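In the two assemblies presented below, chain A is common to both, partnered first by chain B and then by chain C.
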Partner chain A sequence: MIAETHTQSTTAAPAVETVVEVRNLVVGTATARLVDGVSFTVPSGRTVALVGESGAGKSVSARALMGLLPAGVEVLGGEILVNGRDVSRFNPRQWRSVRGRELSMVFQNPLRSLNPTMRVGAQIAEAVRLYDPKLGRAGERARVLELLEQVRIPDPERRLFEYPHQLSGGMRQRVVIAIALASNPRVLIADEPTTALDVTTQAQILDLLDTLQAENGMSIVLVTHDIRVAEERAHEVIVMYSGRIAETGRIGDVVRSPMMPYTRALIAAVPSFDVTPRSLLPTIPGRPPHPSQRSAGCAFAPRCPLAEARCDLAIPDVTSRPGNNGTRQQWRCFVTGKTDQPGPTGQAGASEEGEKA
Partner chain B sequence: MRRMILARLASGVLVLFGVTLLVYFLVNALPGSVAAVMLGDQATEEAVSELSAQLGLDRPVIVRYFEWMGGALTGDLGKSFTSGQPVSEAILQRIPATAQLTFMALVVAIFGSVLLSVVSLSKPRGVIDRTISTSMFVLLATPNFLLGLLLVLAVAVSWSLLPSSGWTSFADDPIDNLRRAILPTLALAAGPLAMYTRLLRGDMMEQMLRSDYVVTARAKGVSERTIRLRHVLRNSLFPLLTNIGLTVGILVGGSVVIENVFGIPGLGRYLVQSIGSRDAPVVLGVVVIIATTVVIVNLLIDILYGVLDPRVRHERSNS
Partner chain C sequence: MTATLSEQRPLLSVRDLKKFFPGPAGAPIQAVAGVTFDVQPGEVLGIVGETGSGKSTLIRSMLMLDPPTAGTVDIDGERISSLRGTKLREARQNVQLIFQDPHSCLDGRWRVIDSICEPMRNAGVSRTEARRRARKLIERVGLDPHTYASKFPRELSGGQVQRIAIARAIATSPKLLVCDEPVSALDVSVQAQIINLFEELRRDLGLTIVFISHDLSVVRHMCDRVAVLYLGTLCEVGPVTEVLQQPAHPYTQALLDAVPGQARDRERVVLKGELPSPSAPPTGCRFRTRCPMAQERCAVEVPELSPTGDAFVACHFPMRRSA
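The block that comes next holds the complex of A and B.
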């Protein structure tokens, strides 16, 4: 786990290098915008969580970063800068120079994301060979074993010759992570990496990702529907709603004082141990609008307890206030958004213990 | 694995029993009798019934069936009514031509379908893909005897490239044998080729679009071509294998027609001749051979599944 060692005493922002920058990204089909004008950055060595309910566009955004959009879904506008290069209009050949090199991806269902009829060792070796074709058989094998050890798979020599169905869910996900690590990527995109696993295994896999980040300093984009996972694991959070960004900021700031009503509802819906027994858990009534049927205004307005007439007419501008460690908390809301908002702790850029420690 | 093989063999015996019983009654239900066919249309009724009695045909069908079955179980398939030749000997003479044709057709259909599917999917829904798809549909809808006749007309008659009919055994003259085998092989392979290509292309396309492991391979940076050949084709061969087992019967059935179109002295032509002359022992003998082949091929495919598919292999070794 990473403890944030730098304690700022001044208001100066820490000079964190940006690895990925998404600018005004629009992704969609012929009839609907699944991702509608999304912008965010992934700083080097940090974990950024993309949070939202199903259909919020978080997975589509993550896949767009890899150029792995499903058939019929395309990037319609905006830019995706990976180390300064705009990859959003790349052709398949150009994409192969990015995938598995600068960016790697881990998927939701570890059984389905491995080829059922190929030995685990061969599937990792394939990635190793693509990254370093001159390695030779012995070198490849050594590198595969090294990767299996890196993801803490016991008895790696034996696992080499096993098939995915012979491994447990957690082991399979470790193998998928080993494949993703084969190229020493700068960014690892983890799309709901623990949703298909049981709770204890979930924690182990997330711990593993943290450890790997501490070891080789890669950035992680963690896609999750669970804001608690984001709170435990991420440095920064991007809350998405109906294809748009609802709120972004340092995870501690957003969780402690959410500004956008959707974020507030999302945090209020997290069950806690001090609810009255037999009482109903808090929920957000209604469902998000279908991407092809969004109104001209704020997409959350129909479900929002604070909504006013103007909310249906136009999308609110970004409101921003300083957060901790020189970050900024940003959201879009007419009602809660006013200029010159004070920071969550009252003072801009105040230092604080890392939430993620 | 051994238990599976034994169970399949037992069910195979039941299949053979059922098939022979059915065919025996069908042959006997045909109008006319072998005696009438042998003696010609000038024969008196007395002569016909005398010959029938000589051949033992005056006794009940069920008695004769079990007599035949008793012989068959000891390896004696009886003698042809019309020629007096032992049935097993007559069949052995005719197996090579049929076996060669069906085997060559199967090889053409399998390799052809793999090639066509891979080429099709190099650009899904492109011109080549659509052309291949349409051609396969046309082939699937064309009866194989019609295709055979068209091939004869075009290649043998108009261009005189290959002989139109007749047969030379491979042992006598391999080159002439192959020249004569080309057209019937193509006519026989067309149907299965179309079926396998549609199946294989469809299954590969489905995997390319929906399988998560394909996305993983893309995320590694594997090229589309390598994904098609190394990941997708390999996994799609399993449904193809099942389909081959199911279509072996169709292939053998097709050879019955094709051998008659091309005048090839194989089992199929022999079967048609014997049905015409109501020669029950021969009909039954050929049916037993064909049914046994289908049962054994399907058993072999099941065993092959266990050898090739790691999922089945481990499930079986664990149970």
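The block that comes next holds the complex of A and C.
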């Protein structure tokens, strides 16, 4: 899934249709490349998690897919193919024909995505009308109720007339999801949809996304800082670091045997239930470089326990090995690509021809 | 200041603490509805619960920042819930607070060294001595005093500001450190650094900590005991090894099951419905409207915290722990 699309994407993989393909995407401001050469695909009916820490470029990538980049941030290079059509340089009018119909987005803070002065039913109806202007009053109302039922909001007839502040955080996020579903998108981009919620509510919302996917076969791009969420909910993962892709692959392969040292460190830093209580957690010294201050080499080099002199000089090529189910695990690293070096987590990476499906 | 603490006497003792707010139509909001627990010296107690369960209110009323409606609080043998004015302020110097947003502990117009000095100056430490100690503290929390002492909070990252807030909190060697979600807003790698810092400070200084968090993995990692709060009452309190390994209360089980990435060999306990309003809590067991195990008795009889193994559980039908 990382770069090198011309060679690797077609081999071995079973015939899963690709809905979105991002090729060598560069997004930035006048002074910094916030997303720097990112390539990945979103297969139909699957969940792809974009994982990384703050500033890694997850949200900028997700927003680029929706044509919703903030002012002053632009696509500087690469392509975003939605059903084979490059949308990356679309103007706002062209975007309106894609956004919603092909892709919809759910944001972290449900309160900010909703209009506080408008009843919930009216807000969903607005979204319904936008994509289906000919429905008429009764049809619209039926569709709104259908959407509320789809997102499992109890007592939908009553909820129609409530305002966002009358709903709990979880219910608000369900309303936001209902609005995103109004257009029957093929891809739902969910940017930290549960970060503002409690664990129990988070589990309910993530269950809902799973159910919706099972029901209507949509793809989900799940942006999260929590690799445990990705582990539980995604089929594939893209680990980002400082605007670039560190590692991708089937989530189980990446979590069980991460290859890129950053992925290893990220997983090891989580105080999971498998770690000895009160033991010191393995940490990564320092902080990621600001995108305007990346060196010419591997962005992780200043913090990497395995770094060598060459790591500062050039960006490593993609190394890959077969993963499960015909996927490939891919990562960029000079050192772990060639040898069987154990990472900071202690587990040795498998050899290049590693675990076979 | 340096009274020796006996092993038997808890450092913090909270008894039947209640905090009600005036609510709609005369029904008070029972944010904290009778909470009892102890914290031993050198112990770290985690408090977990969902949004609105009353964690923050519990802390505020426990520390008399917003005096409780009823109940008592003893810190190191002193009944702080009966103190007022200067006496209370003096007693509160034994306690320091750390919040999720560390900026709320620091004055943005002050250089970090001055923020760290302030509690020491209030405790009567001379200016030069306070500054000398502050530099040591900055180093102690893992920052270089040459670089950071004269910075303003806005010039630091979230993790760095949290380190400074911790330095300030431990500056006066408080008997008790109370932390409200101190690592929740941090990135995983920074969170790990701060968790380690707490652990090191604990080992070196023998700190007693009350640690609020909604992240059960963090609590399991850092705490000795855990108290599970639901709608203002405790469901279960006891050693982390027992409560989070084999929960006896269905709510604890549901919380655990919601932790992402936990390997599971059985169906999750999924909560029905929503948190009821604290101004109209369910009769009997407060958890019963969402409990998958609820029975008739649960609607009429309030379950009291009673010993189960090494823990205490408030449930009429606790789940059995295998020995």
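Structural remarks
Just so we're on the same page, the second predicted complex is superposed on the first by the 320 of 357 C-alpha atoms of A that agree within 3 Å, B and C clash if a C-alpha of one lies under 4 Å from a C-alpha of the other, contacts with A are read in each partner's own complex, and residues count from 1 in each chain.
Going forward, contacts are C-beta pairs under 8 Å (C-beta built on N, C-alpha and C of every residue); 3 or more make two chains touch, one makes a residue touch a chain.
This one's a predicted model, so the numbers in the text were calculated from it and none came from an experiment.
Taken together through their common chain A, the two structures put chain B and chain C side by side without a clash. Applying the stated contact rule after C-alpha superposition, one finds that A:Ser104 touches chain B and leaves chain C untouched. Contact with chain C, but none with chain B, is seen for A:Ser272 once the two complexes are overlaid on the shared chain. Of the two partner chains, chain C is the only one touched by A:Glu231; chain B is not. Of the two partner chains, chain C is the only one that A:Ala203 touches; chain B does not reach it.
Contacts of A:Ala30 after superposition: neither chain B nor chain C is touched. Shared-chain residue A:Pro116: touches chain B; no touch with chain C. Applying the stated contact rule after C-alpha superposition, one finds that A:Arg287 touches chain C and leaves chain B untouched.
Contacts of A:Ala309 after superposition on the shared chain: neither chain B nor chain C is touched. Here the smallest spacing between CA atoms of chain B and those of chain C, following superposition, is 5 Å.
When the two complexes are superposed on chain A, none of the residues of chain A touches both chain B and chain C.
For chain A in complex with chain B, the touching residues are 66, 68, 71, 92, 96-97, 99-101, 104-105, 107, 109, 112-119, 126-127, 130-131, 163, 165-166, 176, 179-180, 182-183.
Here chain A touches chain C in the complex through residues 53-54, 154, 168-171, 198-204, 206-207, 225-229, 231-233, 265-266, 269-273, 275, 277-278, 280-284, 287, going by the rule given at the top. Put simply, chain C touches chain A in their complex at residues 50-51, 157, 159, 187-193, 195-196, 199-200, 214-218, 220-222, 240-241, 244, 254-255, 257-262, 268, 270-271, 273-275.
In the complex of the two chains, the chain B residues touching chain A come out as 209, 211-213, 215-224, 230-231, 234-235, 309-311, 314.
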